[in-house]
Every structure is written in structure tokens, then in C-alpha cells.
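Structures given as C-alpha cells follow.
Next come two complexes, and both contain subunit A; in the first it sits with subunit B, in the second with subunit C.
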Partner chain A sequence: MAYKPQFYPGSTSVGINRRKHMSGNLEKLRDIPEADVTAIMGHRAPGADYSSTHPPLKEMGEPDCPVRQIVAPTAGAAAGDRVRYSQWTDSMYFAPSTPYWRSYWGAINCKGCDPGTLSGRQIIEARERDIEAYTKTQYDSEMTDVALCSMRGCTVHGHSLRLEENGMQFDMLARTEMGKDGNVYAVKDQVGIPLDKKVNLGKPMTEAEAKKRTTIFRADGVPMCGAVGARKYDEAVEALHHMWELRSKWGFRPE
Partner chain B sequence: MVTESDTESIQVEIVPSRFLMPASAQRLLNEIYGNGGLIRIMIHGPNLPRSVPYGPGRGAPIEENRDLLIEVGGQAFELCVKVGRIRLELESAKYFDGLKAACERALPISFQIRRGKFFHTRQTITDYAKFGKVEDTRILGLIDPRAKKDRMAILSEEKVTIHDEER
Partner chain C sequence: MAVKHTKKLFIKALNKKFGKDFDLAGQKVEYKRLGPEQNARKREFMEYAKKVEGKRGMTGYNPYVHAGGIPMGQRQLVPYKLSGTEYVVEGDDLHFVNNPAIQQMWDDVRRTIVVGLDMAHEVLQKRLGKEVTPETINNYLEILNHAMPGAAVVQEHMVETHPGLVDDCNVRVFTGDDALADEIDDQYLIDINKMFPAEQAEALKAAIGKTSWQAIHVPTIVVRSCDGGTTSRWSAMQLCMTFIDAYNMCAGEAAVADLAYAAKHAAVLQMSEMLPARRARGPNNPGGLSFGFLADMVQTSRVAAADPVKVSLNVVAAGAALYDQIWLGSYMSGGVGFTQYATAAYTNDILDDFCYYGVDFAVDKFGGFAKAPKTLDLAKELATEVNAYGMEQYELFPTVLEDHFGGSQRASVLAAASAITSAIASGHSQVGLAGWYLSMLLHKEGWGRLGFFGYDLQDQCGPTNVFSYQSDEGAPLELRGANYPNYAMNVGHQGEYAGISSAAHAGRMDAFACNPLIKVCFANPGMVFDWADIRACFGKGGAREFRAAGERSLVMPAV
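== the complex of A and B ==
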């Protein structure tokens, strides 16, 4: 029987969503053009050449190394691209993803990337053409709700603040805006420099939809213990207790 | 049981469940102003910088945060923060119910309103550095200790005196 990886325990909707994020088996909700994703990332003008740190691997003459023979380089590494980043901020108000789950997604599903997890933001670094592809996947999939998540290279403030009246996550630099037609538009790149044209990111999720797709356990949403009043806690808590117990015992080693 | 005096001033905090747009903030502030009995009021929320403060885009203007003028009680002033919390002092408890009704009329979203003690009464070192010796204690607690003193808008024309010289 072929090995099937298991990702996260529990039968709550949040547990199921967390499994989806980690496995990379995500629903595609929108299709934002590659050029627009590149413009929002702001590292290079759409259509411009990729800057490089070394010549393409084929021209470099690599040493005879068994690991290099086994592992095929990513497109960016093969071309010698510079390492670039994309950074996300997800609201605590039922955003579909959270920093930890973006990192799990990146570490498990994206080759040659370096995810960094912080309390209010999550950054992934990779070779430029790779990170562009990974960012587009994040933008297009159910990991992202255009109102509750946004790409913020700096001034990431906003994930733990109340939402704005129109349901958008607060952004000090006003990088995204709610249009009169109900669509969310990106008007600046991730560091706050205005874009040449607004990018239509589509309609945000409704509150019910966001709660359905979220990976955040919350007392006013889905609690981690599962159904309130159930005779048995959800498996997610049991697994957590198990890990906590093993970690504590392993850590406590009197000589 | 201690009987509450209805002649002493009371302090109130209003916290909407979401950050208010300038138009909603203006509507709410005008309703509060119209209710009367106001001694002082503080608007609290995250800062809205006029240009990108740091990062590669530092210095790029943020047009969305400029000229956010709102008019309260016939006087216009510029909004420097996203309105998320309002603290105010009323002349007496008899204005409280009217204030609650004013919030219900003005706010399209849910909110919390509570009485308590929200402004400090003794001058701090920061207050001294900013204002010198404060004669009128009503200005205490009206602005963020780290903010510049021009963040304070004086809408009542009488009795509030602040030294205006530049430091």
C-alpha cells in the first residue's frame, strides 16, 4: 500500500481545513494574472528580466555530487535568480490562513523556499520566479480572502485589530481598497508604492464563508476541543496533549 | 448602598465593534455633541500616517490618509487616527442615557458603552514636558503621551488654555 501522509488530527471544520492547507489540496477561488501578482510583489516590473546572483547552473559546471544529480533544481535556481520574498498578514477575524499554516503549506509543498513565521505576518523567501509562482498559488487559492488577508512587505500592523466598517482588514498604508462595485482592489505594492493601475482582486468572502474556510480555532467560532459539551474532546486536543506530554518528559532529564 | 450623585461628572468609553469610516465618525461625533453635557472628548485608534513611515517605499505619500476633514459642531478638524474608541467626560450622569441613544442612532454596527475612569487626574512628566505646568486639568489624558501636542483639537472656545509656542 502506498504511503499516504497524515497531516493534522481532528474532525472539526478547522482541522479539516488545516489538513487541506498542509497537503496543498486547495480549492482555487480566483485567477489573478501573473503580471498583476508580480506588480503587487513589487520586486520587478512585469515583463522585466529577472535579476540574477549567479549564471545559470548549466553554464556554471557543477561539481560531481550525487545529491545534485538526484535533486532537480527549481526553475529559479537553475536560472540563478535572486532570492525575493512575499509576506502576508492574515486577520484574526477568521482569515482562511494563519502564519503557521502558510508556513506549513510552504515547507511541505514549495520546493526551495524558506518560510518565516511571525506572530502577525508570514514571509516566504525563494528564488524570484519560484516565489512568484508560490505567491500566485496563495493568491488564487482558498488560503487567501482578499479582504482579510493582504500582502504586506512592511507596516504589517493590522492582523489583531478590529476590521474596518466595510469588513476589510485595517491597513495603515491603504494598500487595498473596497471598490464601489463590491470588489477589492490592490492599489499599491506590498511596500506601499502606488501601482500604475488598480488590480481587481475580486469579491471578498462573506462572514459565513470565511468562518467555513478558516484555520483559526476561536471560542466564538469553532473551539479546538470540538463540539461544546461533547463527552470526548476532539482528536486535535488529544494529539496536542500527547505531544506536550512527550516533549515535557523528554525535556525533563535528571541525570 | 452608596447613592450615586447625579451632579458629578462621569467618564464614558464607547467602543464600536469595527473601526469607523470618517463619515460614520463624523455622524457619531455630531450625535454625541448634539446630546450635550460634554466636557471633553478623546478619539482613539491606530495612526493614519501621511506618508509611508519605513521600508523601501519610505516617504511615498498616502493620499487616502490626507485631508480627512470632519465637521463636528460646526467646526472642521483633520482626523489623524482611524476612529476605534471614544472616551469622553459628561457634566453629569443625566446625559448618559441620551448618549447611549445617540450612539444607537449614529452607529450602523454594534458597540460597547461603559462608565469608568479613563482620564488621569495628576500631571505626568510627559504632560509637563509637553505643556509645562498645566493649569486646566481638563487637557490631561486627552492625547497619546508619544503624540505631538498639535494632535489636540480644541473645539470649545472658552477656558481651555494651552501654550502654543513651538518647542
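== the complex of A and C ==
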């Protein structure tokens, strides 16, 4: 029988969504044009050539290496692209994804990428044309809500702040804005440099939809441990207790 | 049901920060983007910067170069309430550069050394045949309190330090021998019976026994000009000169070498160990300061022994300022942002609320402090409960989350509450540490995020070192310190670890956590910083009510 990864325990919507993110089996919700994703990333002008750090691999005369024979290079690696990044900030108020689940998604599903996970931001670095593709996948999929998530290369503390009155995640650099038509627009790139033209990212999720798609446990959504005085542990907590206990005991007597 | 323990101590602080009419549970707010002008301290900085700019003819502080022209203050710039006190200060007031009390706390550590008297007395009595009596000791202490600040004895035509610049310098002795203590002039004695509650005094005297020790605090201005490594040298020089004077010795006789060896090495207790070359610091610098020593320096345990949470959280505050703001923040990284991490542990009564919730829960269940079994299961139960409670407060009170707007702040506070609860309940620091790491894992699992990269490095592998007996991997928490291999680089941990060390012993009502000499030395009434009420003293510093030592204004033109 072929191995089927389980990815994550639990039967709540949070557990199910976490499994979806990790598996890469994500629903596509929108289609942001590639040129617009490139503009928001801010590394190269849309349509411009890719900068490279080495010649295409085919021209480099690579050594005879069994690993190279097994692993096909990504498009960006084959072309010699420089390594660039995209970094996301996801609000703690029911954004669909969270830093760790963006990283797990990247590590499991994106070849040749380097995810980094912090509390307010999550970065993936990869060869430029590869990261552009990975970023578009994130933008287009249910991992992202355009009001609660945004690309931020810096100044990321909005993740834990109260939302704006219109439901947008706070951003001190105001890189996105809510239009009068109810659509969210990107007006600055990742690091806050104004775009030549606004990019329409579409309508945000309703609060109910965000709660349905989220991967965060919260007391006012899906709680992880029940409530004060009425504790009920999610299966994820039970699995974690087991892991913590074994790690602690192994450290005492590593046999 | 644990609901009865939910005190929400942070609500008062939130009202002070955000204004009493704000919506405690609201998840949305209007961001007015008022910029730095909304904050009194930022306005003061800008006004002062204009003066500086005119005076020196070049630009300096200008918040409008922040983030490409968008200045800080797009959100509300809120003040901070020092936990457990009524002090409310601006965040800037808690940066150690702006806070003379925080500076003095560190100065008090690095200017301190404990030196035994018995070895020197044996040299005098056995090698030189001189008589040592309470009278000679008092005479010696009078001379020593003249010499230690930098005044001359024995030699002629010497330069000396201005008494007004070194008035914080003093030497007192302490002993576990009540009979000897009775004979020492009160002004030169740290009276254990007077400074500590009776049970603690008995325990300390039993631990110290008939030995006698000098609590030496060299002038603050000396260690600010040199460093902590100077303290043993400065002290040893004055000790030797004083012995020569007090006991009419020959300045060049070989026995002086014995006194010098005792004063510099054999009878010396440094406040912290020197560090390996890659960190390149001498003794009496923060990186070598063990958690147990810091726990003992803090004196809350002798004035508020019945409240082990208060005891522990004052240690956390001291450690957060010293290890995070000064050691990691400045010595090690050179950063200026570490204040933001550290203050989460000692402001706005948030950690206090989580800890009191946990300890009340444990006391209810196990019948008192240090009554619970010292087991992994205990850590599992308490850390899971406290961590869950804390996460729920962040979720249900959005301004609590906003106050700790960085995940590292939240991670440290949740783990500290989990660990302090486990340590107080069990009376065991390692059980507390187990609770710390479980909290970290639960936090990450719940929210899908934790702290900065360092938390992944240290806290996800951390359970394996809690009970490790291998010498390069494990040690009792009291003996670990800022240079412990897995702890050496991560802000938001070391102060809390000191607090956990303290919590275990505070729960047991112990007189000290690690070293009785440190505990008594820092009970010296001549300390400049208030070691019994760390957080209030930080508040005084922030409110510009604290006078630090080591100032040079006496010998400079008035501003």
C-alpha cells in the first residue's frame, strides 16, 4: 500500500485546514495576474529580464554527480536566477494561514525554497522565477485573504493589532487599502515603495468565511483547550503532550 | 472550577494605557495615525534634538526618517504601567540609557564582590602572630571604608578620589556567628537577624556558620570607567593596604602576598564567572551571572516571603532588564530594540495575572505552595492550564495582544507563567523548566507562530535539556546562566529562567536559592538600587525620581 501522509491530527475545521495547507490541496479563490504579483513583490519590473548570479546550469559544465542526476533543478536554478523572497503577514484575527502553516506548505510543496518562520511574518526565499510562482499560488489560494493577509518585507506588527474599522489588518505603511467598491487594492510593494498603478486584489473574505478557513485555534473560534473550568483538549494537544514527554525523557536518558 | 481565579489584573493597566473609555473586547479600532507628536516623550526628544542640532551643526534625531518618511505613531503610542506598582511611564523611559535605576541595578552587581575575612585573619594570627579581636576588626573596617572609595593609607603625597563622587562605596561584614556580629560596630555590619525574617535568618546563619565575610561595593564611577573585571582588583588593593595600616605591617613583607592572594583569588566570590574568549568578558560581567545568583541578589524574598509570585516576578524584572536589555541587547548584539521584548515581562500586570491565576489554581488543587508532586505530569497539567488561560486572555482582550505585539513577548510571558506556576507548586526549578518548554510548544501549536527564529532554535528542542545529566547539556537551573550553551543568544528567556529558579525556592519559603553569601550581601542597606522592589525602582527611574551613583556633575561645569 502506498504511503499516504497524515500531515496533522484532529477533526476540527482548524485541523482539517491545517492538513489542506500542508498537503498543498488548496482551493483557488482568485487569479491575480503574474505581472501584478511581480510588481507587488518589488524585485524586478514586470516584463524585465531576470537577474542572474551564475550562467544557466547547462552552460556551466557541472561535475558528474549522482545527486545532480537524481534531482532536476527548478526553472530558476537552471536559469541561474538570483535568490529573492516574498514575506507574508497574517493577522491573528482569523487569517486563513499562519506563519508555520505557510512554512509547512512551502517546505512540503515548493521545491528549492527556504522558509523562515517568525511570529509576525513568514518568509520564503527561492530563485526569482520560482518564488514568483510560489507567491502567486499563495495569493490565489485559500491560504490568503486580501484583507487579513498582506505581503510585507518589513514593519509587520499589524499581525497582532486590532483590525482597522473596515476589517483590514493594520499596516503602518498602508501598503493595501480598501476601495470604495469593496475591493482591496495593493498600492505599495512589499517594502512600502508606491506602485505605478494600484493592483486590484479582489474582495476580502467575510468574517464567517475567514473563521471557516482559518488555521488558528482561538477561544472565540475553534478553541484548542476548551475553556477555563471546562477544559477539553484537541487531539493536536494530546499528540503534542506525547511528543514533549518523550523529548524530556530522552534528554534525561538517551538510550 | 478555576474560573474564580481569573482576576484580570491587567485591566487597570489597560485603562491607564488606552484611556478608560476604550472597548476592552473590541477587535476593531480607528487608527488615527497621529505620528510622534501624540506622545510627550517623543515631543521632548524632537525639541531637544533641535537644540542639539543647532549646537553641533549637524543633524541627529529625526523620527521622520523612520520607514521612508512614515514616522512611528501610526498606531497609538501608549505608556507602560510597572507591574505591581502605580508607576506609569513612557516606553522610552524603560530603555536603560534613559533609566538611571536600571543602570544602577547593573552597576550594583558589577561593583560588588564578597571577600572572606577568615583567611586573612589566619595569616595575621598564625603566620605573623598578630592579635585579631573585635576591636581590631572595627578599626580595620573604619580604615577600609576610608580606603575602599579611593583614599590613601600608609603612603605620603598620594592623590585621592573626591568623597562626593564615590559616596556609594561601602564595605560591611556579615557572619553566621551571632557572638561576633554583636561585637561589630553596627555601621559596619549587615545584621542578618535584623534584615531577614527569623526563619530565613536562622537558615542563612546555619549555612554561613562561623565564617565572616565582607560585602564590598566599590564606587559605581569606577566600574563605569573600567568594567566588572576591575572590581576584584580595586577591592584587593584597598584590602591589602588597609591590612597593612590596621595591623601595622611592613608594606613589603611576604605575608602581604598571602593577603593579596586571599583578596584576589582564594577568598573571593565574584558575582559572575568570566566568559570564554568568543564572548570576551571578564568576571563580574552579566554574561557569567548564574540564574541562581541573580535570584539571590533580589531581596523581595525577605520582605514579601508570603507572596512567592511577587518574589519571582521581581527576579524576572531584574533579569529582563539585565540579561535582555543590557547583556543581549547591548553587550552582545548592539541593538536598541530589546527593551520592547523585556518590558513585556514586567509591565502592565499581564504576567502577574497569568502567574497568580496559575498559582491560585495549584494551591487550590494541591493545598499550598511546594505541595505538588515533582513530576512531569505535574508540569504537564499546570503548564497546559496556565498557557491555555494566558492565550485566552490575549484572544479575548485584544489590547493585551496589542500590548505584547511581538510573538517573542507573548512566548516569554506565557512560558514564564507556566513555569513559575509549576515551580512554585512543586518547589522544584526543573519541573518549572519542563513547564516552560511545554508552554512554548503549546503556544506554537495553537497559533501557528511563536517568537523570532531563536525561539525555534531554543524552545522546540529545549525539553531535551531539562533533565539531562550530561555536563555539557544539563545542570540545575540555578547553576545555569546567561552563557549556558543553549541560552546564550536568545532574548526573552534568561530573566525568566532566573525567575523560575527563584520561584522554586520562594514556593518552598527558602531563605536563598543558590548562595547564602549573595543573599546576605545584597541585603546591605548601603546599596543604591532598591533590591527589594525591583519594579518600583525601575518606575522611579522612569519617572525621573531616582538618583543614581557614579555621576560626574560635581566636577563639571553646570549645564
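Just so we're on the same page, the second predicted complex is superposed on the first by the 243 of 255 C-alpha atoms of A that agree within 3 Å, B and C clash if a C-alpha of one lies under 4 Å from a C-alpha of the other, contacts with A are read in each partner's own complex, and residues count from 1 in each chain.
Keep in mind that, in the parts below, a contact is a pair of C-beta atoms (placed from the backbone, for glycine too) under 8 Å apart; a residue touches a chain by one contact, two chains touch by 3 or more.
Everything quoted here is computed from the prediction, not taken from an experiment.
For the composite obtained by superposing both complexes on subunit A, the positions of subunit B and subunit C are in clash.
Residue contacts after overlaying the shared chain place A:G153 against subunit B, while subunit C stays out of touching range. When the shared chain is aligned, subunit B and subunit C each come close enough to touch A:L161. The wider contact with subunit A, measured as residues touched, comes from C rather than the other of subunit B and subunit C. Of the two partner chains, neither subunit B nor subunit C is touched by A:V199. Touch criterion met: A:G120 reaches subunit C, while subunit B stays clear of it. Residue contacts after overlaying the shared chain place A:M172 against subunit B and subunit C alike. Residue contacts after overlaying the shared chain place A:T98 against subunit C, while subunit B stays out of touching range. Looking at the shared chain after the overlay, A:D220 reaches subunit C, while subunit B stays out of its contact range. Only one segment of subunit C in 40-48, 94-102 or 526-534 runs into subunit B in the superposed model, and that segment is 40-48.
The intersection of subunit A residues touching subunit B with those touching subunit C, taken from the two complexes, comprises 154-155, 157, 161-165, 170, 172-174, 192-193. By the touch rule above, subunit C contacts subunit A in their complex via residues 1-3, 6, 26-31, 67-68, 70, 72, 74-75, 376, 380, 384-385, 388-389, 391-392, 395-396, 398-399, 401-402, 404-408, 410-411, 434, 437-438, 441-442, 444-453, 456, 461, 463-469, 473-474. Touching subunit A in their complex are the following residues of subunit B: 16-21, 24, 46-49, 52-57, 60, 62, 64-65, 82, 84, 108-109. Within the complex formed with subunit B, the residues of subunit A that make contact are 42, 153-155, 157, 161-166, 170, 172-174, 177, 188-189, 191-194.
Interface residues of subunit A, counted against subunit C in their complex, comprise 18, 92-93, 97-101, 116-120, 154-155, 157, 159-165, 167, 170, 172-174, 192-193, 215-220, 223-229, 231, 233, 236-237, 240-241, 243-245, 247-252.
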